[in-house]
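Presented below are the structures under discussion, each in the form of structure tokens.
Next come two complexes, and both contain chain A; in the first it sits with chain B, in the second with chain C.
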Partner chain A sequence: MSDDDIVLEISGLEVGYSTNRGEVKAVSGLDLAVRRGEILGIAGESGSGKSTLAVALLRLLKPPGKVTAGSAIFRPRGRSPVDLLKVEGEELRVLRWSALSYLPQGSMSSLNPVMRIGDQFRDVILEHAPDRKNTLSELIPRLLAQVGLEPDVARMYPHELSGGMKQRVLMAICVALEPDLVIADEPTTALDVTIQRVILQSLVDLQRDFGVTLVVISHDMGVHAQLVDRVAVMYEGKLVEVGDVRQVYKQPQHEYTRQLIESIPRLGRRAS
Partner chain B sequence: MTATAPSATVAGESAESAPSRGLRAWLARHPLAAYAIRRFGLYLVELWGALTIAFFFFRMIPGDPIQTLIQTLQQNYVYNQAASAEVIARYQTEFGLDGNIFTQYLKYMQNLILHGDLGPSLINYPTPAQDVILRSLPWTIGLLGIAAAMSWVLGVIIGAIAGWRRGKLGSTIITNLSIALSHVPFFFVALILVYVFAYTLGMLPARSAYDSTITPGFSPDFIGSVIKYGFLPAMSIVLIGTFSWILSTRMLMVPVLGEDYLVYAEAKGLKPWRILTRYALRNCYLPQITAFGISLGFIFNGNVLVEQLFNYPGLGSTLVTAIQQLDFNTILGVTDMAIFSVLTAVLLLDLLLPLLDPRVKYWK
Partner chain C sequence: MTKTIELSGVQQRFHARGAAGGYLTAVEDASFTLSPEPPQVVSLVGQSGSGKSTIARNVLGLQKPTSGTVKYGGKDIFKLNRDEYDDYRRNVQPVFQDPYAIFNPFYRVDRVLWKAVKKFGLATSRAEGLALIERSLDAVKLDPDRVLGRYPHQLSGGQRQRVMLARIHMLRPAFVIADEPVSMLDAQVRRLFLDILLDFQREYGMTTLFITHDLSTVYYLGGSVMVINRGRIVERGPVDVVMHEPSHPYTRLLLDSIPQPDPDQRWTGRIEVDELSGTAEAGTPKATAPETPII
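Our next item is the complex of A and B:
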């Protein structure tokens, strides 16, 4: 496979949190390649380091968290490759959203409570693509329609929306600038199962329509089964298995993966 | 005052469907108007209550103002005879001190509400107290009002930046400096400023409100002189006031910085200044607006010492003279003025808040 097909190449990534009793490793020795256009799932129990991996790649890691080693070469279209872990200041700010965007957990209050939804689209679009100023009145309703929302949602405030609607707004904002890579951190957690399904379907549609690469972090093996092309399984900060999702489900190579798959609740089977 | 304001409820409940006729129905369809009317009614009740309490409170102060007046007249006009009962009775009528306390109260309220009349001032007899107050009011509003507004604006901006850059050296210095200086009394700073700028350096005047050789009026000379003379007293208030606004704004700012929408704004790659103003400050400055309204009350009485020190002809100086000479009409008038302005400011801010923060809704 040529370099061009790999949008993100993580090698030897180490992330730790420094505490009073020394450093705690959250991610250690992680190597992973994300292919252009795929949906890659990252699975694992809580505390396995999957969210730390996401915030480290998005450069949102706050002290005491610290990347101690490794690189993450990001190859956006039409730009020269950069190491996501080294890029700083204005260069990082310009890269954000137009090339690398973020879909947070829906239950989190990621929308600014005092700004109308439309303004929260507007500020990020104008920041990175000021030439689209004249098309905004057409672009925002189109993005909202893409996730099944009415155009007047743009005039509302976040507290006037339900949890599922907020998550759809976040999805529409994250693809607004057609980024190369979207990192979604638990996109369906804390939503009820019917909404989860709708959100997953919208994610698949968006991925197809906008041609973005999607990295989905979720503890829910059911989400991976429905959504992703390949799945990477993390356990205690290490990557234990990566592979085609069907292959992994059919023939898990690692004992932990097998246990994770068995933990999916099924109808007609009681927990032992 | 704030305790009586209705508590805000989170919006979301829709107005119930009421029959579409009559005042009730109209109010149900116009919740904002209904709220404004109710809030204004509450304002009137608050105003009446506060003015009434002030009136009875001042009547309880021991001492006979008429005797004081007659003594003053005797000293000034070599009027050696003891005042006759007739003279005393006439003065009592004029000052609103005849009859029992309830008729006095009714008469006082009637004069105040219908004619804006506070009764004659003792220190400047027979000038009415409202004229005495109005003479010094512009100086106080000009000096203290501008100084209070300036320290609020400066304090909120610097405090927001100090919160934003918490942990950095500059922010730590500013924060600790604010903790150390925010409770230094105004007059102490005023004394230092006078010592340095007026006494040692001789750059700025330390007394009065303008150069007495210039005739008051709208001439550039006079305005320049007012600014020059007002500089030191204003500085003493701005310096210390700013520090306490810095502290409180920083305290409001820090918790907001941990919110998810700030992380999201950073991930969006917005410019830091925009995140600071539109995401962080916008979500935490509301209590500062209310606090500013309440702090306006202190303009009328909190800075008496500064005005005294600089011999500034403002309300504070007038109040001190009035208290010394038991000029109860003027004292009560200044108090009424403070009550009126604080309640009005809080009313206006209460009506303004729903426009500043969409989550604030007092009505259902």
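Our next item is the complex of A and C:
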């Protein structure tokens, strides 16, 4: 596989949090390649380091968290490759949204509560692609339609939308500038099953229609089974297994992966 | 004396700008009875916006229905006299969803427990009250030394939810109205919480109305279940029956939307959700193969 097919190559990543009792390693010695156009799932239980990995890549890691080693070479189309862990200032700002975007958890706090949805789109687009100013009136309804929302939503405030709608607005903002890579951290947690299904549906559509590469972090092995092409399993900060999703579910190589798949609450198990 | 909670024809409308007729009907014709004999768990399941929390608020007396009645021991809860109201307040206890919002951040967590002791006269002396509180914290697997004297922000979400369970343990109400009590807890703490709730049912004969959007939680609890869609209860029955032989298309849609941990069983159909009106279009899961092969 040529370098061109790898959109993100992480090698030897180490992230730690310094605490009173010394440094806690959240991610250690992680190597992972993300292929262009794929949906890669990152699975693992709470505390396995999956969210730390995401925030480190997005450069949103806050002290006491610290990247202590490693590199993450990002190859956006039409730009020269950069190490996400080293890039600073203006160079980083330019990458955000236009080449690399972030879909946060389906929580209520990701949109500005006092701005109409349309203005929040405008904010992102004008900041990062001022040349699209004239196309905004046509672009925003099209982006909303892409995630199954009415054009009217642009005039609404976040509190007028349900949790699932807000999450879809965020998805539309994420892909507004056709980024190369979207990192989604628990995109459906806290949503109910039917809305979750709609969100997963829309994620697949985005990958198909925009060709975005998606990294989807979720603790829910059911979500991975439904959505991703390849899955990477993290345990105690280490990557224990990566592979084609069918392969991993059928023949988990690692004991922990097997436990994770079996631990899904299914209809059929209950309190004794 | 055992009293029942009885809802008949409860309808709840809210004023809503832009909705047809200027109001939104959150609950329509909800009727059911919660009986303490025998103690049971009744789950109310539905998606966001289906009206489940509104029903909880109606049952708790926090929201007066637009029409229909909520009766406790045969009397409308909004027409109880003082003594009857105290009895109702004591015997119908809530557990809410958000373990962060229920505590006043300026007071120590002890306060919610002491308030219950004082309001309902559970103890005659401070020492007796403290012993009671400690016993109840033990019952929900919390160490009193690590909880008492703390402020809410010093406890985890799971610990805070269990403090509310300790309060219920002290009061031994006939009914617990639990509105999404575990949706903000992680899997392990969630299970502990549910096990404690089931313990209470067995040991103290509490009947629980358990409101959730999570079908696996419903299955774990057992008992009976009511499925609510667009403010209407569309299906009810024992959990085993409803889950294995759902009769309403909406129940089938819900069951079908649980992501199965098998990449070979992906959804092939799409569902469309009209979220503006808080409804899911039932009956369009094209994912399922026809039940009877077409010849």
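Miscellaneous remarks
Definition applied: the second predicted complex is superposed on the first by the 265 of 272 C-alpha atoms of A that agree within 3 Å, B and C clash if a C-alpha of one lies under 4 Å from a C-alpha of the other, contacts with A are read in each partner's own complex, and residues count from 1 in each chain.
Methods note: a contact is a pair of C-beta atoms (placed from the backbone, for glycine too) under 8 Å apart; a residue touches a chain by one contact, two chains touch by 3 or more.
What you are looking at is a predicted structure, and each value in this text was computed from that prediction instead of being measured.
When both complexes are overlaid on chain A, the residue A:129 reaches neither chain B nor chain C.
After overlaying the two complexes on the shared chain, residue contacts for A:97 are found with chain B alone; chain C is out of touch. When both complexes are overlaid on chain A, the residue A:6 reaches neither chain B nor chain C. When the two complexes are overlaid on their common chain A, residue A:139 makes contact with neither chain B nor chain C. Comparing chain C and chain B on the residues of chain A they touch gives the larger count to C. By the document's definition of touching, of the two partners only chain B reaches A:112; chain C does not. When the two complexes are overlaid on their common chain A, residue A:192 makes contact with chain C while staying clear of chain B.
By the touch criterion defined above, A:148 reaches chain C but does not reach chain B. When the shared chain is aligned, chain B comes close enough to touch A:159, but chain C does not. Looking at chain A, you'll find no residue that touches chain B in one structure and chain C in the other.
If you check the complex, the residues on chain C that touch chain A are 47-49, 183-184, 186-187, 194-195, 198, 213-217, 219-222, 243, 253-255, 257-267, 270-273, 275-276, 278, 280.
Contacts from chain B toward chain A in the complex involve residues 10-12, 259-261, 263-271, 274, 278-279, 282-283, 357-359. Only residues 46, 148, 150, 161-165, 190-198, 200-201, 220-223, 225-226, 245-246, 249, 261, 263-271 of chain A touch chain C when the two sit together in their complex.
By the touch criterion given at the top, residues 58, 60, 92-98, 101-102, 104, 108-115, 123-124, 127-128, 157, 159-160 of chain A touch chain B in their complex.
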